[in-house]
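Consider the two complexes below, in which chain A is the common component and chain B and chain C are the respective partners.
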Partner chain A sequence: MTPRRVLRTVVGSLMTGATYGTALLAILPLAAILAMLIVKGAGSLNWDFFVKSAVPLGESGGGFAHAIVGTLIIVALACAVGLPVGVATGIFLAEFGGGRIGFGIRFVADILNGIPSIVIGVFAWSWVVRPMGHFSAVAGGFALAVILVPIVARTTEEMVRLVPNSLREAALALGYPRWRTSLQVVLRTAAAGIVTGCLVAVARVAGETAPLLFTALGNDFFSTRLLAPMAALPLQIYRYAEGPYDDWHRQAWAGALVLILLVLALSLVARAVVRGRRQHA
Partner chain B sequence: MTDLSATALEPEVAPRSTAEERWRALQTVSRGDAVYRLVLTVFALFLPLLLLAIAGDLVVGAWPAIAKFGPSFLVRSIWDPVNDQFGALPLIVGTLYSSFVALLIAVPLSLGTAIFLTEFAPRWLRTPVATMVELLAAVPSVIYGLWGIFVLIPLLRDHLWPIARPVLGHLPLFSGVFYGPSVLAAGVILAIMILPYIAAVSREILLAVPAAQREAGLALGGTRWETVWRVILPYGRAGIIGAVVLGLGRALGETMAVTMVIGNRHEVALSLLQPGYTIASAIANEFAEATSGVHRGTLFLIGLVLFLITVLVNALARFLVWRVARGSSVGSTAL
Partner chain C sequence: MAGVSTPERAGRPRPSVTRPVPPKPAPAAAPATPRLATEALTAWYGGSTGVRNVSVAFRENTVTALIGPSGCGKSTLLRALNRMHELVPGTRVEGQVLLDGHDIYGDGINPVQVRRRIGMVFQRPTPFPTMSIAQNVAAGLAVGRRLSADDRDAVVERALRRAALWDEVKDRLRDSPLDLSGGQQQRLCIARTVAPEPEVILLDEPTASLDPAGTAHIEELVQELKREFTVVIVTHNMQQAARVSDTTAFFYLGELIEVGATTTMFTTPTKPQTEAYITGRFG
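Let's look at the complex of A and B:
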């Protein structure tokens, strides 16, 4: 081997090794974050955490029940508005999205997806909070719905596209009109994929804090009133992390552990289902 | 064979229908289709309306500030809510600076990861590593912030900086006392947060490079690394730049984690170790408490600036990614 050849081989091996190193560095933070959440959070998780609300300053104990319930309510509100619009848009993009309108809407969906969530919060504030005159769970749900729509639209589109064309053709050949083909054959086939796509999107908005800061605002008391400020898990974590008390920090870690378990469970389930479907398609 | 074609050619004995009946039947079919299409189109048109509504709302909300300050708002550094005097320069600089630091760290790491995942990793390792990297994107921002405050900042301040100080301490980039919350901490957190986006999209781009390119590179006698570096990466260059720009868009608008670690000070600082401020953090911190119309208008205005920057950046990224992977939905899931 000529020296040049040796050099090239050595460089190749070094760079290959370097990519191993970068991959290791890339997954290190996930491991570090999960480890810290378990180490710091698990110890503070107890029954009280799930059934009690925040206690007044100076008292120890208390829990995140109000925040957990709040997050569930706000996310449910967001789903009620955001999922139908998102799914319908996704079906439109997959079934009729070949033309110029489809191209434009796909582009707009991607642009909406890239808008910082804090800006969506500002938008929700001036469309819901300002007219109503006060912060509310509904405003938080509205903000999250706006974030939900473009994500759901794009994942739904992808899932509907995975349905083989032969199925469509078979239904059309049997004399089905296009709309019944779409609703009864294509969507039924894509249903599991669409549901998992929705789950991923829901997991993402469930962890959003910024759009809730001045819409749902947060609340230290247990509240299920939709027109009043409501606590949410991410908001409570933020407040407690920024606060000066050790007890708050402990609870913030516990809350973060609950939040991440919720989010990761949703994403992992969704991922497994999608991967299975892709292999079949 | 002859039998089959004979049956196929046999004329169907169908009930006779008039041309008018058949026409009506066809019409009802297409009417159902038209309704279906119309309903879906109406839903889909929500999205452009939403985009317009957001843009319009920001302009209207920002008007008091636009009318009062004009373009000089963008280059002034004053921030005085008591006397209603505002300038966005520190915020704009801080936003760009922290995102730039993030890109500096995240780009090599995510490109290396993408190359590893498509070219060098043993097959059994690819899916688990790819999944783990993608899960980074699922971690909520506030958890990054929490981790940043209690793990990353102490690590940087108490363990890494004492080691690096003798070497880097005299550079203006690292001047001043390092208390913890800083542009550096924000940049590192942002890098971790955008890494999965850049890695996922570049990985899809690399996978979209035709196998013939790879084979040609190897057939010409290149080592596997040379094939990657001189053939595959140049082929996907536009898409990879698009992936990086997507990551930039994420970093610019990221709010919670940055707010929690950057220190939130309205000053233009060159040193990475000093606190800074970003547009998103300023809105997050001040919006709920802004009482005067001008203060609130100012926050709308910097929101508008952030909106315009991210729309431009994302449009550019889309364009670049599409150029490589036209027609496919590469990157849409990573958004």
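Let's look at the complex of A and C:
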């Protein structure tokens, strides 16, 4: 081997090593978080944790059932409003958003994306909680929906834009009206990507705490009433982690683990959806 | 279709495809009525003229080839024939396109209805990726009248047979069209275009993205299609025009230079530009 060749090989291996190193560095925090949650939280996970609600002070035991169900309800409310609005906005932006209106909507969506979630919570408080006169699950769902819409709109737009124009033309040449082309060909082709985008967005808002502080408020009792304050996993974790009791701390760790697993499950579903699309593509 | 080399082919440029080419019937010998015709058609493409003052007739049950150098307006003309041209922002059309004597640009004519009667196949195969092979063929039917499942299956089979694809796909009608080869995908698109029974079929360089074998298949198919449809094909391959068409129209800089029977055009063209292009001196 000539010296230049040796140099090249050495530099090549160094660079490869560096990329491996940075990749490890990037996943280290995630691995550390997961490991810590499992170490501290897994021990407190038991059947009671999933089926029982919080117990009064002084009693030991109890669980997070009310918070898990609360999170599911609040996120479902947010999805019911946020996903249709977001997806429809995204389709509009991609298919008809060439002009000034499209530019405006895109601009607003980008700004909305960058607003801190606590500000969205304050906004939901003044628009929903104050007129209604009390905290409620609906207000929490509203706040999360406001976060959901711009994320979903922009990812949907990206996905719809990825559909080649030749497919639109093929449908129009077959005598499809414009709206049927959008719905039956463009939307169907982009569906897997849109579903993935929605799941990622839902996973993100499921872990939001700040917007729920002034809206859903939290609740120590099991409640499914939409117009009353409702518990949520992030809120319950926050409350128990702040509290002075070891039992609370243990349960907060377990709650954090459950929350992470919930988000992880959503991401895995999103991955599976994408893989389904790849097989077709 | 038995492919035999006829003596008259010997003098013409050999096709790049090594396969027997079907003999061409005497072109334009039986003057049929024009199914489709343009009258002083001018089409603009974002400020510049794509097609200028073109009047040309496309006869029933014949294949008309539109040839000419890149940018001569042949594709623009084709897209103006089924009102696809206007879908691109900044385009405009003047003049008339007569389908069975009625102007498709006339008042109160719905372009969507026009496109159901004048089908189109594009340069690259465009199967709908989320639909199965059978669903692709039936895609154009869904917009028309409702069909029972049995009727639909029959139409799908007939269309695939007419596109010479049935034997290759009959056992995997529910599979994704993306598993097919490029040539098969293009024949699938032809089946999809044929299924709703249009009157005219427009082919925009249908073999541009295909290999020689796929090209040969499509060219044979074009000969079959003209029995039932009026066919217009844009091609930049002159051998292809010579092989498949009965009438050839030569365009240059957006104008129709010359139109005539393909054999005449390729042996004794009247305009010097046509001769120059056909003999390969420009373009």
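FYI, the second predicted complex is superposed on the first by the 242 of 281 C-alpha atoms of A that agree within 3 Å, B and C clash if a C-alpha of one lies under 4 Å from a C-alpha of the other, contacts with A are read in each partner's own complex, and residues count from 1 in each chain.
What we mean here is this: a contact is a pair of C-beta atoms (placed from the backbone, for glycine too) under 8 Å apart; a residue touches a chain by one contact, two chains touch by 3 or more.
Keep in mind it's a predicted model, so treat the numbers as computed, not measured.
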| item | value |
| --- | --- |
| First (chain B), second (chain C), both or neither touched by A:G43 | neither |
| First (chain B), second (chain C), both or neither touched by A:G61 | neither |
| Chain B versus chain C as contact partner of A:P177, first or second or both or neither | both |
| Residues of chain A contacting chain B in one complex and chain C in the other | 177, 180 |
| Residues of chain B that touch chain A when the two form their complex | 29-30, 32-33, 35-37, 39-41, 43-48, 50-51, 53-54, 57-58, 61, 108-113, 115-117, 119-121, 129, 131-136, 138-147, 149-151, 192, 195-196, 199, 223-226, 229, 246, 249-250, 252-256, 260, 280, 283-284, 287-288, 299-300, 303, 306-307, 310-311, 313-315, 317-318, 329, 332-333, 335 |
| Chain A-facing residues of chain C, complex | 82, 84, 87, 89, 112-113, 115-116, 119-120, 122, 124, 126, 128-131, 139-140, 142-144, 176, 178, 189, 192-193, 196 |
| Chain A residues within the chain B interface of the complex | 8-9, 11-13, 15-16, 18-23, 25-27, 29-30, 32-33, 36-37, 40, 84-85, 88-89, 91-93, 95-96, 101, 104-105, 107-123, 125-127, 146, 149-151, 153-155, 157-158, 161, 177-180, 182-183, 203-204, 206-210, 213-214, 217, 234, 237-238, 241-242, 249, 252-253, 256, 259-260, 263-264, 267-268, 271 |
| Contact footprint of chain C on chain A as seen in their complex | 98, 164, 166-167, 169-177, 180, 184-185, 188-189, 191, 280-281 |
